[in-house]
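Next come two complexes built around chain A: one with chain B, the other with chain C.
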Partner chain A sequence: MTTTDTSTESPDGITTEITPLEDEAELVTSRSSSGRRAIDIVVRSIVPIVLALIVAALILLALGKNPLQFYGAIIENGLVGQNWENSLVMMTPLLLVAIGLIVVFRGQLWNLGYDGQFLLGGVVVAGLAPQLIAATSPGIAYLVLTLAAIAVAAAWTIIPAWLKAFFGTNEIITTIVMSTIGVGLTNILIEYVFQNPAVRTPQSRAIDPGDMLPYIPGTQVPIGLIVALLVAVIFQFVLSRTSFGLRLDVFGSSAKAARHVGINSRTMTIVLFLISGGLIGLAASMDIFGQWGYMRTNWNPSYGNAIMPFVFLARLSPVGAIPFIAFYSVFATGGTIAAQESGVSVDFLQIVVALILVFMTVTEYVGTKRDLGQSYLPDELKDAMRKPLNALTGRMRK
Partner chain B sequence: MTDLLTPTFIAAFIIACLAGTVPLMLASIGETVGEQSGVLNLGIEGMMLMGAYFGYVVALTTHSTWLGMLGGLLAGAITSLVLLVLNVWLGLNQIVLGIAITAAGGGITTVLYDQIYSKTSPRIPTDNWKVPGLSDIPVVGHSLFSQPAMFWVSLLLAVIIAWFLVRTNWGLSIRAAGQKPSSLDAAGGSVMRTRSQAVLLGGMLSGLGGAYLSVLATNAFTPFMTNGLGYIAIVVTMLSRGKILRVVIVSLLYGLTIAVGTVLQLTSLDVPTDLITMLPYIVVMIVLLIFGRDVNNSPVLGAPYTRGAR
Partner chain C sequence: MSASPTLAPAAGVISLSGITKAFPGVIANDDISLDILNGQVHCLLGENGAGKSTLISILAGMQFPDSGSIAIDGVPVTIGSPKAAMKFGIGVVHQHSTLVPSLTVLENLMLGEGGLMLKEKRAASRLEELSGLLGASIDPNILASDLALGQQQQVEIAKAMWTGSRLLILDEPTSMLTPSAIESLGESMSRLKAEGLGIVFITHKLREAYTMGDCVTVLRGGRKVGELTPERMKSLTEAEAQAEILRAMFGDDLAAAGSIESAAELAGATEAAPEASRVDVTGRPVRLQVAGVTSVGKSMDVSVTDISFSIHEGEIFGIAGIDGHGQAGLAEVLSGQRAIASGTISLEGADITRLGVRSRQEKGVRYVTDDRLHEGTVGNLSVAINLLLKRIGMAPFWRFGQINKTAVNDEAKRLITQYTIRTPSPSTRVGTLSGGNIQKVLLARELGHGARVVVVNKPTYGLDLKSVRLVHDLLRAFAADGGCVVLISTELDELIELSDRIGVISRGSIVGTVQNDGGPDVAERVGHYMIGGRAHDND
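Right, the complex of A and B next:
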């Protein structure tokens, strides 16, 4: 649904497509001074996170835990000492998955099949790397298997993309269904094809620690992080400074408008899904080569779910996503340990992510209404609330 | 193969089939009502988990499966209030909210279950209602006619909702809100009220489906026990195109695949468990590939309605 055609390019090339309402907000904010706009964007991005952390603290209190201690443990385990390196290791796949989502979300398409795509890409790497490294060299294995992971993950988006492009089948549902099939297929591949004969638990052979991705000099962080940051910069450029980026934004704002200017929406849909899947495959490759070295069944880090709010808070900008993903990496790295220490289920982090999502949409709504000088309540809602009130007061007057 | 056809075996097959069908059917009916009114409820997974957990808690503490069902229904309704207020009233993005509800539902139930029940993991005793007379029939009597009483209530609910959707003004309003909300508005109806009712009903039915799953079908709660059932419900809704009878039939097909999976596990064949869990999804994908091409969803599905907007 599009309400205005003014949203395709704001001065800094950052578009927001979360709700149609935002298009109006951008129209208004771009009229005010750029300084105020920058502050506004920062405030709108940080307020949801702060609110979510406050509510999460209240939940911790209700569970009988000390929230200050909990948050302290997060900082302790996510930043202090050498722990910031662990956070950076985690940031690599998160950032790549985030860019993969940004690309399709900009086209107003929803790729929610990231789990299956990620795991299938990962299992190709984990399953084939030990033999390939033994047969050739680590360098060749990195290159070949990364390309293979990209290809496999991209291929897993083809059916949903094709159904969407040619028949308009809702891609939200098809990607999720394909994802579940991908997760199952990954487990079967590990158990029946790549099983490590030396152990009884279902897992693949491990890559020799010496053959993993090299570290960035002076740190314990694999160079996958540099790849991820480079990809972010490249995609920022492609999305905001090239004709492809412009065509993508036109397509995202209105498929009808896109057709008028000669953009083939079918090709666009399929290309966007392939790029998205490919980036998620790249994330899987960097994660297996950089961090894990093997895969076991039923392992699903579900990076896509975790970074969902930050993709939107960054207003679908790859470079803009970097600080948010960095924040979440620290939060998740430290939070996992903090949860274990305090005896709360690790899924507590999921609640925080959900809270950020909710507060994000609400903050965006309030901000838009304030910018436009509109009432915070829709007319119909006000009518609905006024009616019983009027009836009541009317009766009292009688 | 002859040992596969023993009466106990067939009875087990029917029980597995119905246990797989009913939770999905209830959730899919809820989703159908929502989608008919133009609201794509992507948070159904979270609502089912909330229903499953709180239904389980209530059933445990009150020793009544009926109150458990009610607890699940209320939990689903309360969870759907998030979608109701933020999406239907304020017009915020349905997909983002759906993802948030799913994440929150999974997170909240797992954290609470871990905190309270993970050490003991208590079970709920089965509470089946033998249909008088009919439950003495061999095979069918021990399976179909010895279901929880809620099974029959669920079927009744399906019939009632189907009738309401097709035969009443309320059903017409629901469908108008999904097809052309501005026309409903112009005719003096309230899109907001209609959609609110649909979302609330959808939340109740999803919660009820979740509670059926935990309290009656498996007799216990396990974290993330719905395991994608909410998404299957969305697919069922899509394939059924608003017809409740089709929802029931497609849900039954899903129940059959579940039962076939259970049966395969009982045989000596070495079938990967993952293949069995994947089976319904593969079936769904094939069905979508063959029949799903011309799914005509509501044209405004997923779009919040703002009066006067173009």
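Right, the complex of A and C next:
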């Protein structure tokens, strides 16, 4: 950078001549900006988790528990020995639900009806699998019922999607309403249609343990995990390298630009909702076939709520979500047992998730301010600090 | 704050010293120092990407400089946020609208006002007063998103005049105003100046700089390369001042381009006149025919009623009018973005009324929108992708739906060179380019590769003089090759220079058409229709 102010200053501080420059200003400075940005993204994604864990530790201390012991127990129960397999089993539906949310969120559409979609997809599998397996074979049942779960969960998004596409109705409200209906409908279906006659409690017949999804060779993890990882890779490719992914990004960035480019926003809205619902249905099928084998009323794992912060921390990238979901799976698997052992409510895990959300917001705010080169402190606070300072320096100048 | 706006105007000076601001790949401001005095209109000039808006955003608290300092009345200050700027009495009209689209005009004006109660009455009377000054009537209860960009600009000016109690910064405020609105803006500026306000005024039109400005600072490549003091400004004639400014702005490039004569031409100092060698196109086949088209739309800017015209091969059809009178509606109807209630549109004899944006695009109908920031580009996508935004999925850039990065980059590089788009690289996010360079991205995207009809809405707004010239040449060459242009503009000079015929749009209808026969009275006839006449020469 050369400083070239060749103009001569006149007494009033104003130059008197136009002074053309000889050399063109250097337009491009070499800088490893992309590398720095990558580091920045990693830092921004991890800092909130670290901060949340620290604050959670403080809360535990306040409750009179030993946080180190608690976190130790989480690692112990979530990773050590064969426990990592439990974490991976849990990861399967979480990752699929996460991708289902990523797809719509990228289009700035908010499908918050994941619970209803998941349970309806699940009840179709749990309710029909025992008979279908008996009538045909497990393989056919996996295929047919997975497709059915996908279809049912996707169908459950159609009303919100249609209302959004044609009337602009707020999809946050409609998906939540549909979700509530879906949860209720699931309970009714279990109790009145799929009830296991052999037991008194309201629950469906269970799939024979031998007919559940096979394990990945050498492990006790059902192959649903492979499906989930494959889906993540496929969607990563679709979103980042195909014309559909680009159209989706344009659509998500600006409705005006989308219209200008000729993207049909109605079709796009409906397609995105269907994909989202479909993936959540797939998650349900893999979860029932892989882990539970049956459903009872009022069961709601709420996977969507649990992974919500992580899809944003992963910046809506399917493959980027994998480590975050893996982290949460270990945390939740180990944490449930750790909480029971140390006498903390299991809801404490939800608090940690909420803390991550809070710190994520703070980190984003600070990061954006820094990108703009603005200071992090609110103006009021700075004024309060500056005033005495200014008074001081002012006096000194006199 | 120790600096209060009640200080005597004589002491009033805002000094920037050694302001430097770098972005990845570009130094936007390089050690810039200048003093802004109260009671003066300080013009900031420079080509696209010179760093004007960056300097403004530092003053407005939107960006923070890497180094350098700002002092108000000799007291060093930090302007850490837009709110802080407001507290210092700095009002800003940014180059691109910052109005909140989902709020009404009135609510937008009240935004940022302190206090819990929104002072609706005061805002309304203020708007009335200001719109009187600007010579525009804007319904205060309309949504900001329903305003045309020119109207938004007027609301922004009103808003800035309100907050700017000591310094008013206007970043290209005249780019979308009609001549009469510019005139009344000039009057408001001199009144505010007389009241002791400092004004920073950015424009690409040297004539405005000369008539409205007291002193001039010229930036180039982020550096301050010249200055005209008030005394010097007074001692120069308009032509001399322009020559000096142009030499500083473009340096050697200008010398390479030709003599000072062409500089005067660049500056628009010569009378606007149609090309002498204009050929008669009336005998040629009709390319675009619009018959009785009425659009579906709720605000005036997007409504057109019973519009009919036809354009021949190689013809440039100008559309004159006050911004917000259906220009956007007409453009959108032609590009296929807006549904029509009745009427037909045909391209080379084939009915295209029912075709959507993409099919029309493939048939060669192109549209350069005036909303380059929100509609024309996607700010967080790269320059390269934005250059190909209308060709997503097409070979050779996408194969089997998969992007071919090499092909995309090669095409982007070609367009960047051809249109002299100033960007650190094709992968730079388009939203970080300077306003003029974003405009060039739009033009580069729409004008090439098999265009048959281009609809351009204010194609040169925000462009520096050289780029305006480039665009005019491009449009002319496009027409000379047999292309059709629908040229929508608020600048009469531009319309007269380029068009074969000029239609005047008012309240969504074409109220008259004037043959641009080179006669001395063309401007007058167009102006006549604009103010509501419906007399003779309809053709």
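Descriptive notes on the structure:
In this text, the second predicted complex is superposed on the first by the 344 of 398 C-alpha atoms of A that agree within 3 Å, B and C clash if a C-alpha of one lies under 4 Å from a C-alpha of the other, contacts with A are read in each partner's own complex, and residues count from 1 in each chain.
Throughout what follows, a contact is a pair of C-beta atoms (placed from the backbone, for glycine too) under 8 Å apart; a residue touches a chain by one contact, two chains touch by 3 or more.
All values reported here derive from a predicted model rather than from experimental measurement.
Contacts of A:Arg241 after superposition on the shared chain: chain C is touched, whereas chain B is not.
In the superposition on chain A, contact of A:Met178 is made with chain B only, not with chain C. Residue overlap on chain A between its contacts with chain B in one complex and with chain C in the other: 1, 3, 18-21, 379. Those residues of chain A lying in contact with chain B across their complex are 1, 3, 18-21, 63, 110, 112, 159, 163, 166-167, 169-170, 172-174, 176-178, 180-181, 184-185, 187-188, 191-192, 297, 305, 308, 312, 344-345, 347-351, 353-355, 357-358, 360-362, 364-365, 378-381, 384.
By the touch criterion given at the top, residues 40, 42, 82, 86, 89-93, 95-97, 99-101, 103-104, 106-108, 110-111, 113-115, 190-193, 223, 228, 231, 234-235, 238, 272, 274-275, 277-278, 281-282, 284-285, 288-289, 292-295, 297, 303-304, 306-307, 309-310 of chain B touch chain A in their complex.
Put simply, chain A touches chain C in their complex at residues 1, 3-5, 7, 10, 13-22, 24-29, 31, 33, 241-244, 246-247, 249-250, 253-254, 256-257, 259-262, 264, 372-375, 377, 379, 382-383, 386, 390-391, 394. Put simply, chain C touches chain A in their complex at residues 1-2, 15, 20-22, 24-27, 30-31, 33, 35, 61-66, 75, 78, 80-81, 83-84, 215, 218, 220-229, 232, 244-245, 247-248, 251, 336-337, 356-358, 361, 367, 369, 371, 374-381, 385, 389-390, 392-393, 398, 401-403, 422, 424.
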